[in-house]
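Pasting a structure here, questions to come.
Chain naming follows the written order as A, B and C, and within any one chain the residues start at number 1.
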Amino acid sequence: MNARFRSVALGVAWRNLHNFFTNPVFVLPALLFPLFFFTAFAGGLSRVGDAPGFDFPSGYTAFQFVFVLLQASAFGGVFTGFAMARDFESGFGRRMMLAAPRRTALLAGYALSAAVRAVTVWVILTGIALLAGMEVGGHGVELVGMYGLALLVNLAAVLWAAGIALRFRSLQAGPLMQTPVFLILFLAPVYVPLGLLDGWIHAVASVNPVTLLVEAGRGFISGQPFHVAGAFAVAIALVLAFLTWALRGLRRAEAAA
Amino acid sequence: MSDAAIEAEALVKQFKKGPRAVDGIDLVVAAGEIYGFLGPNGAGKSTTVHMLTTLLPPTAGRARVAGHDVVKEGAAVRASIGAALQEAALDPYLTGREHMRLQTALHGLPKEERRRRGDALLERVGLSEAADRKVGGYSGGMKRRLDLGLALVHEPRILFLDEPTTGLDPQSRTSLWAEVERLARRDGVTVFLTTQYLEEADALAGRVGIIDNGRIVAEGTPSALKAEIGQPSVEAVPADPADRRRVEGVLERFAGDGDCPHSTEDSVAVRLAAGDAGLADVVRALDSEGIRVAHLQLHEPTLDDVFLDKTGRTLEGAGEEDGGGDVARPEAQPEAAPA
Amino acid sequence: MSGGAALRTQVGQLALRSVLRTARQPAQIVPALVFPLFLLAVNTGGLDAATSIPGFPSDSYLAFALAVPFIQGGLFAVMNGGTDLARDIETGFLDRLALTPLSGIGLVVGQLAGVLAMGGLSAIFYTVVGLAAGAGLQAGPGGFLVLLALALTITLAFGALGVFAALRLGTGEAVQGLFPVLFVFLFLSSMSLPRNLIETDWFRTIATYNPVSYLIEGVRSLFITGWDAEALALAFGVAVAMSALFLAAASVSLRGRLVRT
């Protein structure tokens, strides 16, 4: 990665983050919605932790925290994709492509801004969860592993959304970015562990790659690491697959411009 | 006040926390007249129309349309007028025929009459074939024609058209002009037409009011307004540049009082004392002197020249300076009653 | 045409327009029908274990949660009804209507017709799918009529909110911006667990004061209890009160929006 690549990526990231943090219409939902979901799931459904067979050592709050963390990371990536679609729709994306010698630096810039946005949300979410009495069974390395997984989810989501944004170059493709992510998240063990799911939802969740990520994250926070290698393998595979997807989208955008 | 179709006296519109969009307008439009209201973007044309059509209460002044006060007798005014406003304002999910059915019903036409009137109007505006297609698929010209047809469902005696041909291609524009003329000449409908296009005002209007910054700066027939500016000028480009002095000498004979020929490197121009009737004499004179001319052109004063004379700006330049659209739609809060 | 006849004609024509517009926008219909049922399926699968909690009022989480789509359908009523009217304001169609003898009441009532039609269709759809999936309607066939009446009243309440929002805010984008706010009201309710089983005190308190809880519990009672007079009275009471409040607010906002002398 040479200096020019770095400066383009940092420039794109800076602009996105500036627009994000200075505009309440963007920043407030991004911060408030994860908090809201955490509150609704952990606060409203805490009795579900008393269901027979529900045996999570760190309690229901920590159980839900992991899902909300991954959900916020995924949607943070998708919303960065929205920003990219907006840029291309307005013509600003074309201006950036003309200026950047290596256009992959633009992708890197968006991904970097998505990561910074995600980390901001994590800090606030974690703070609120700890204030709410969340028990953390895992130690330093395990927690780094949990946040590492969340970062990979964020990266996979922003690359997925970028691929759509670059192909359609319009905010009207927003639902196309968002709906599959929503579906894949909610077809994982959201409210109870996989073992307590029944019927079709158990069958679907068993083959859903997000299930492995969620369960591994829950293993990290409870201090009982679970399928760590498999989870990271899945996460990295998703990142690589969507990177290819995004790069091909970039070629399409170049051809159209 | 008299029996005019439209009258306004010292009409003012001051928006709360906004501009004084109309600053004391006086006008009288006779029945059956086509009155053109010409001005750049932001001049106050649409705001004036909104007040005359009862969609905006004036801040001050009075206006009567079809003999009814626009403030005190709003419902009576609305029953007498049709309006096609700046936006075509159609529902993209309804067909042309469904629009007609809705409009005729809302105007209280009997059920038996609604279909007949709707079909007749669709025929009149050339949309019979497209009547059962959703308006979302109509071209700009088709939408404008439907808009005009909808404005006529209750056979109003007065029609307000707010920039009806903006954004249309030349063919659609010409077709709409023809319909407006038919309405006025054949059916005796009074037409109050706002426009920013000189040729539209020239082509259609019997009288023109030129508005700038909320005030009427000139009013009269197009030819009278242009005649105020002066006679037309002729410009001649001699085939041999060496003949320029001789051309000057010929054209000087036809110059108006106090005028003299004006020369550039290639051409000579002069304002004709006899107007465009003098052109033939100029041609004969040049021919009799044996001067060959590469190019000869008559320049008539335009309404833009009138605007320039009154305001110091051209119509196009005025619109760009003022930075955009007429103030037409109010914020959601009710306005104070006018004085 | 007499005043009453004119109003009937106006309302009828605008109602027809509203229904046609809704029917011709699959993007409004399909998500309103499909999305709530998808969430129901996911939540039923994911929270079926909750039926084992002592005191849970039903053996079937599906029957327990089937009420929620009715309220989510209400959220879509706000959005769709509101954005349609906001579009009329933005495009100037409202000015076209203002130039006719149309009354303000006629406009609001006519506008709500399409929303109500969609609400009725959704209610029937959710019920049929729920019954087919194995949920029972303890209140029986008579209960279905009450369910439909309650669903329409709930739709009226949310539709009136959408109309008020459109008249007040004036743009479709602003109306869409309400969706997260309404979503919050839905989640901070008894949608996932009965109020007496919500462990977290502040959450339970919010759910108790949240009118949406009573709407959900009224619909739910028809599925899992049968005839619960108190739950039904509260649900109808809340829905009627919301309808009255938002219709009144819409009338006030209409005066500022449908400006004519």
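Simple rule for what comes next: a contact is a pair of C-beta atoms (placed from the backbone, for glycine too) under 8 Å apart; a residue touches a chain by one contact, two chains touch by 3 or more.
This structure is a prediction, so every number in the text was calculated from the model and none was measured.
Engineer: Going by CA means, which chain is nearest the middle of everything shown?
Structural biologist: C
Engineer: What's the chain with its C-alpha centre farthest out from chain A?
Structural biologist: B
Engineer: Indicate the whole-number Å distance between the mean C-alpha point of chain A and the mean C-alpha point of chain B.
Structural biologist: 57
Engineer: Using mean CA coordinates as chain centres, what's the gap between chain B and chain C in Å?
Structural biologist: So the centre of chain B lies 48 Å away from the centre of chain C.
Engineer: Using mean CA coordinates as chain centres, what's the gap between chain A and chain C in Å?
Structural biologist: Going by mean C-alpha positions, chain A sits 32 Å from chain C.
Engineer: So which bits of chain C are touching at least two other chains?
Structural biologist: Expected reply: no residues.
Engineer: Inside the complex, what are the residues of chain B that reach chain C?
Structural biologist: Its residues touching chain C are 53-57, 70-72, 74-75, 77-79, 81, 83, 85-87, 89-91, 93-94, 98, 101-103, 105-108, 110, 134, 150, 329-330, 332-335.
Engineer: If you look only at chain C, which of its residues touch chain B in the complex?
Structural biologist: 1, 6, 9-10, 12-14, 16-17, 20-21, 24-25, 88, 91-93, 95-102, 167-168, 170, 253, 255-257, 259-261
Engineer: Where on chain C does chain A make contact in their complex?
Structural biologist: Residue positions touching the partner: 38-39, 41-50, 52-53, 180, 184, 187-188, 192-193, 197-200, 202-203, 207.
Engineer: Touching residues of chain A toward chain C in the complex: what are they?
Structural biologist: Contact set of chain A toward chain C: 29, 33, 36-37, 39-40, 43-48, 50-54, 183, 186-187, 189-192, 196-202.
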